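Each of the two complexes below includes chain A, the first together with chain B, the second together with chain C.
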Partner chain A sequence: MSDARYWASAAALDGILDRLAAERTLIGPVRRGGDVCFRPVARAADLCRDYVNALEPPKRWFLPTPERLARYRLPGGAPVDGGDALRETVFFGIRSCDVAGLAQLDRFFSGETIGRPDVADGPYLARRKRTTILSVVCQDPAETCMCVCCKGGPALDAGFDWQLTELSTGWLVEVGSAKGRELAGRFVSSLAPTDERMLAEQAGRVAGVVETFHRHSSRRVQSMAAGRMVSQGRLPEAFWAELGERCVECGGCAFVCPTCSCFNVVDAPEAGAGVLSPAGGPEPAVPGGPTSPNVEGTYDRLRLRDNCQLAGFVRQYGGSYPRATCGERCRTRFFHKLSWQFVARVGTLGCTGCGRCAQVCLGGIGIDVVSQRMTDALVGAPAAAAAAKGA
Partner chain B sequence: MSTALASVGSAVNTTACPFCGSGCTLILADAEAFPVLSDPVTRGALCLRGWSAGELLDSPLRVLSARIRTRGSSLATVPAETALEHASARLAAIRSKHGPASIGILASARLTLEELHLLADLAHAIGTPHLDALQRLGSTPGGGPSLGLDVIARAARILVVGTDLSVRHPQAHRRVLEALGRGVPVRFVGSNGGPLAALATEWIRCLPGGEVEAAAQAARADDLILWSSELALHGQAGPALRKLGGARSWRLPDFVGQLGLHEAGIHPRAGGFAAYEMLQRAATGEVKALLVFADDPFEFFPALAARAFAGAEFVLVTDAVATRAAEAADVVLPGSLLAEKAGTLLAADGRRRTLEPARGARAGMSEGEVARRLAASLGGAAGPAPRASDLPLGPDGPAPDVPTADYPLVVALDGATLWGSHALVGATVTARREAWGLRTDSPDGWVTVNPTDAKALGVRHGWTVRVESDSGGLTLAVRADPHAAPGTAAIPMHCWERAGTALGALEVDPCLRIPVFRPRAVRLGRQ
Partner chain C sequence: MAVATQPVHGASDLYVPRPVRILDVREEIVPDPAAGTRRTVTLTLERGDLDYLPGQFLQVTAFGGGEVPISISSPGGMPGALYLTIRDNGVVSGMLVAAKAGDVVGVRGPFGNHFDLDAHRGRDLFFVGGGCGLAPLRGLYWEALLRRSDFGRIVLLHGSRCPGEMLYGWQWPDYERQGVEILLSADRADDCWAKEEHPPRCVGLITKLFDQAHIVPERASAFLCGPPIMIENGGRELVERIGLAPERVLGTLERHMKCGVGKCGHCVVVDRYVCIDGPVFSYEELAALGRIEPAW
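For the complex of A and B:
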């Protein structure tokens, strides 16, 4: 729950953003053709205001791919210094579904999910620490948006530094963290107290989004029924096999998912090292040491985005595949998105309803379609439909 | 290397995916690729190759400097100017001594239209008729117009012939699945159709090599026919061009620049050798110099390529990524990726698409620049190449085998499983890993059969079998896959030469003058 609320005029907010852009990196939505991307901007005027969301999830800023985790020289393995210092960064315009996703990633990469703070991910947390999130409540969701089903929006109670809602007279600023309070303190002269009318307007706008979704959207993340089916293992093999036929193993669903955290680590000669042998390419890293060929030179340990749907992801060193078919890998993915077991461990669904997986899926099996099929399997909708058709 | 939150770029750079013929548009966010949502072809989706395309930019396998083979047989790094002068001098000497027809040029469907024209100009400047590309098999004229993906959305019925669209053309695959979802009848004709065969309204099973005949019999007047070069791989180019052509037929291109090969006239001139013939003639010493641009003939024909590179007096390879061809060359010059180039691509629907560099050229050179410089050096005032007339089609290729009592299965190439054979895939991390795993599991290759055939044979997935035709045989691991029709078998593309030679299946189709794998009747024996 927000611990303080303010009102800012549109001009005042732009002024705040201009000042932040001058002293830090300000990243926000910009338009390129028909697409919206989050990119650094020099001033508030460069920001795109009429957007829904970007296909690129904000996690790409915190888990860039490829990311150099270490550089070392062989023989000997002496570390080589490198990398630029991280800059303080402000994100403006991130949507609630992505804020909720970042909260999940924070728990995972801090080790909180498994109760192991000792395995916290330094590079990820370093980036998050230098980041201020000014999220903006979505008021005109896209056809694929389903945050309402997953407690991923349209507005949140926590996870942001500031949560901004555009009102008829300006912006409602909700403060959600110590960093947010500090920011509000700095710009106190640009902020004004709120009144009941503003809070009511915000509540009305959020309720309007929810109502519009329920009334007009045909997409749902059927978390209750689907969660029951996948949690209890009640879906037959044929269900997953058919999904496996539809999945083309592109990896896109995980690459754009705001909550997916899987990554791959490889050791590779440094970029442009002059390797002329295709055999000298990047190979999966052996924990703790470089892989063969152990040739003199400088090597990078790289982290790249990954996807549990890929056969290479599950392949073991000895050549076995614990989840050999694509259908089996689909089962794992959706178990991690919808199951009660996952919710019990993580505290929330593995989906925030951003709808990106529905946008990028070549096989047409985004989480809305799959969870609907799970529900159909529970309530027998296909049989009912067939009976109705026959009648 | 991405430096998110360190020194981030503000540009939103787009480029074309460098792999298949779909022509997807990518946004490159640092070295991370994302699909363009508003692009009518891409519509926000990519296959794994596209998602991995950004990994190419800073791949350790990028060729960023020129090399010359020294007397001690190792490749030494030299300035690009030195390498170009050396190459030019060697080519001039060979042409002077053996004539211009002693030099052959291998182009590639990874190049822009402008670069392909520059390669045609280079052949003209040298005076050689030997100009071709190994990927030409799908770029010949005929076989229907270049339709757009929207035609799939409008189709009342769809007939997919012998191609696994999920790999060959994922965006067409997506539209076909969407059509299925709308209740459009989709029929698949073939012996090994991948997932589409399983999902289609009907799978019309036929033996390898029988796809065209089966499709011609099954086709209705309102069918949209989709096919690709997998038919040509099996010697069916002639029948396919005759029987599957027409206004309702679309031969989907396999590579991003494949339609440009025809547009730029990349095919042998009168008296010239086709790509495969060029390698054969280099192996015997008739072709003295080979100029290879952005391709790796070692991938599918490693033994022939090794003989060709050894037989030729001089080999120049220009590529953006390391390949076995580059390893074996006398001179290596760095090329550029599509993301680093300005130019034009012919999209799958035949429209011209302009590329702007999404990133500066890392090597400072491109394949087109190398061709231009060599042409200027060797051709003097030869000027642009005249427009080449179309390559005439030859007679039909070899007929496929039919099964016999002694050889009850018919084996063909699996043109889809190992897209990792593509040199650019090998320079990524994520897409490479998928192919790397398969190859590591079965380093000597494999043969895919239906589980019922495997059971009848008494073998399990992963066991080794002897595959024999009446010409010979070889030992391969067996993979049991329900996507293979009973009575058929498939061997992955990277075993094309070895298996083709052992089984007597590797032949040249006179129709397009391309190497093919003639479907052979075989028997499998437990080892």
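For the complex of A and C:
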């Protein structure tokens, strides 16, 4: 629950954002060729205000690809010190589903979900530590939004530094962390106390979003029944084979998912980050192995985004190939998202209801469709249809 | 204007390999394109202050090439050095098997859980290694030999695709002198190999050796490593046909981990991270995983 609330006029909030943009990197939603993405902006006026959500979740700023994890020099392999310098960053305009996604990534990369704080991921946590999250409560959900099903929104109790809700007269600012309190202290002259009317308006607006979702959206993440089916291994092979036939193996679902974080690690010559970019360059050193191994020079150990839906993800030496079929890979993905086993481990569903997988899936097997099919498999399709109609 | 900066790498050395010198290289398997065998070597590395237990693995860097997970093939208490048996199977392993004494490789780890030998004190130990799968078991049976009086029979069952692909044959005479029973199987072999009487052998799958091994289920523990199908079928035979308790049958899974620390997701089986929760699992656990992800 938020520990302090303030009110800010629209002009005051823009003033705060302008000052933050001047002293740190301010990242927020901007329009690019018809899509909205998170990008650095120089001033508040550059921010897009009329958007449902960004095309991509903010994870690309915390898990950039490629990202240098280490650097060493040959011959000898001695580690070379020095890495990318990190600026303090402020994220404005993240929606609650993505805040929930980041909270999940925080628990994962800190080692909390596996009970191993000794293997916390330094590069990720360093970026997170230097980031302030100013989330904005969504008031106009898209047809694909499903946060209400997954405790991913429309408003949250925690995970943000500031949670902002646009009211008729300005902004309600909810402070959710020590960093948020510090920020409120710095900008205290731009903030005013809240009154009951404002809090009631916010509660009303959030309730309105939930109602709109229940009334108008046909999409749901059917987590209870689906979780039961997938957790107990009760879905027949044919169920997964059919999903595998629909999947075109583009990996889009995992790339746009705010909680998916699988990665590959490769070593490449110092310029590797450049040659891995789509712009090309000389013959790529990786993936596919070095073209001239053991050449003297400086090498980078790079983290690259990876994806459990892609065929090579679990390929092993010697021809052993677990999950060789696309259907088996679909099973792994949805097990990770919906199973009780992972809920027990992670503390929440692996889905925050952002709906991006439903938007990008070329085969029409976003998590809403698949979880509905799982429910149908449990209770029978006609019963599920009747239940949906009744609701 | 306040700009706060700090190097990323100051935050963690989780992914940074430690340079370690190779002390020796032993040729284990000679490559033979006709037989389909690949060069396999055992590297002896400087151990330094690295503490490990049997069953654990290292992430090994061929500098300039990349990193692969390799099981440790020496007993935990061995002073000064540790062994890694590596087969030439790809870019990085190819660079590692081409290394010479004096070269430097990188290591991270050790990672993963381990075999708890104390839990099997007083029992007969059966080590079932298919192909390169003998390498992760070697540290364990070696350790058992160092504490020979703690255990009953020690039986080594080693199967491979062909006789030329068997591992550590040079150690067998020494093992036999210490009372280890050795049984061999090859998926295919010529008559000449098949007719040799010692060590006892068969042509066929390694599970064919179970009947020759005179296993008394009440006092036996089995340790399996090899291709998933071998662990699955071997484990099932031992439990369902021969009657071992499922918690006394332990398998060690292989996955191509990229991180070793439960982050990259490459080794996930159902809800288990092989690098953190494994690689050692009981047959009981493996069977439960198999109900959701058949053949893992």
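Please note the rule applied: the second predicted complex is superposed on the first by the 354 of 391 C-alpha atoms of A that agree within 3 Å, B and C clash if a C-alpha of one lies under 4 Å from a C-alpha of the other, contacts with A are read in each partner's own complex, and residues count from 1 in each chain.
Following the convention adopted for this analysis, a contact is a pair of C-beta atoms (placed from the backbone, for glycine too) under 8 Å apart; a residue touches a chain by one contact, two chains touch by 3 or more.
Everything numeric here is computed off the predicted structure, so don't read it as measured data.
Novice: Chain A superposed: clash or fit between chain B and chain C?
Specialist: In the superposition, chain B and chain C stay clear of each other.
Novice: Answer with first, second, both or neither: which of chain B and chain C does A:A22 touch in the superposed model?
Specialist: second
Novice: A:R130 in the overlay: touching chain B, chain C, both, or neither? Say first, second, both or neither.
Specialist: A:R130 sits against chain B and chain C alike.
Novice: Touch check for A:P66: first (chain B), second (chain C), both, or neither?
Specialist: After superposition on chain A, A:P66 lies in contact with chain B alone.
Novice: Between chain B (first) and chain C (second), which does A:D81 come into contact with in this model arrangement: first, second, both, or neither?
Specialist: After superposition on chain A, A:D81 lies in contact with chain C alone.
Novice: So, does A:F342 touch the first partner chain B, the second partner chain C, both, or neither?
Specialist: second
Novice: When the two structures are overlaid on chain A, which partner does A:F109 contact: first (chain B), second (chain C), both, or neither?
Specialist: second
Novice: Using the touch definition from the top, say if A:F255 reaches chain B (first), chain C (second), both or neither.
Specialist: First partner only.
Novice: Touching A:V41, do we find chain B (first), chain C (second), both, or neither?
Specialist: Only chain B is touched by A:V41; chain C is not.
Novice: For A:R315, decide between first (touching chain B), second (touching chain C), both and neither.
Specialist: both
Novice: So if I take every C-alpha atom in chain B and every one in chain C after superposing, what is the smallest distance between them in Å?
Specialist: Across the overlay, chain B reaches chain C at a minimum of 7 Å between C-alpha atoms.
Novice: If you lay the two complexes on top of each other, which residues of chain A touch chain B in one and chain C in the other?
Specialist: In the superposed arrangement, which is not itself an observed complex, chain A uses residues 68, 83-87, 127, 130, 264, 266, 306, 315 for both chain B and chain C.
Novice: Within their complex, state which residues of chain A touch chain C.
Specialist: Residues 22-24, 68-72, 74-79, 81-88, 108-109, 111, 114, 116, 119-123, 125-127, 130, 231-233, 261-267, 286, 288-290, 293-295, 299, 301, 303, 306, 308, 313-318, 320, 322-323, 328, 331-332, 335-336, 339, 341-342, 345 of chain A touch chain C in their complex.
Novice: Which positions of chain C touch chain A when the two form their complex?
Specialist: Touching chain A: residues 1-17, 19, 61-68, 87, 89-93, 95, 104-106, 131-132, 227-228, 254-256, 258-259, 261-266, 268-271, 273, 276-277, 291-293, 295-296 of chain C.
Novice: Contact residues on chain B for chain A in the complex?
Specialist: 1-12, 14, 27, 29-32, 34-39, 44-48, 50-51, 54-55, 58-65, 67, 75, 77, 166-167, 170-171, 173-174, 177-178, 181, 195, 198-199, 322-324, 326-327, 332, 362, 423, 426-427, 429-430, 432-434, 436-437, 440-441
Novice: Which of the residues in chain A come into contact with chain B in the complex?
Specialist: On the chain A side, the touching residues are 25, 27, 30, 32-35, 37, 39-42, 55-56, 60-62, 64-68, 83-87, 89, 127, 130-131, 242, 244-246, 248-252, 255-256, 264, 266, 268-278, 280-284, 300, 302, 304-306, 310-312, 315, 319, 359-364.
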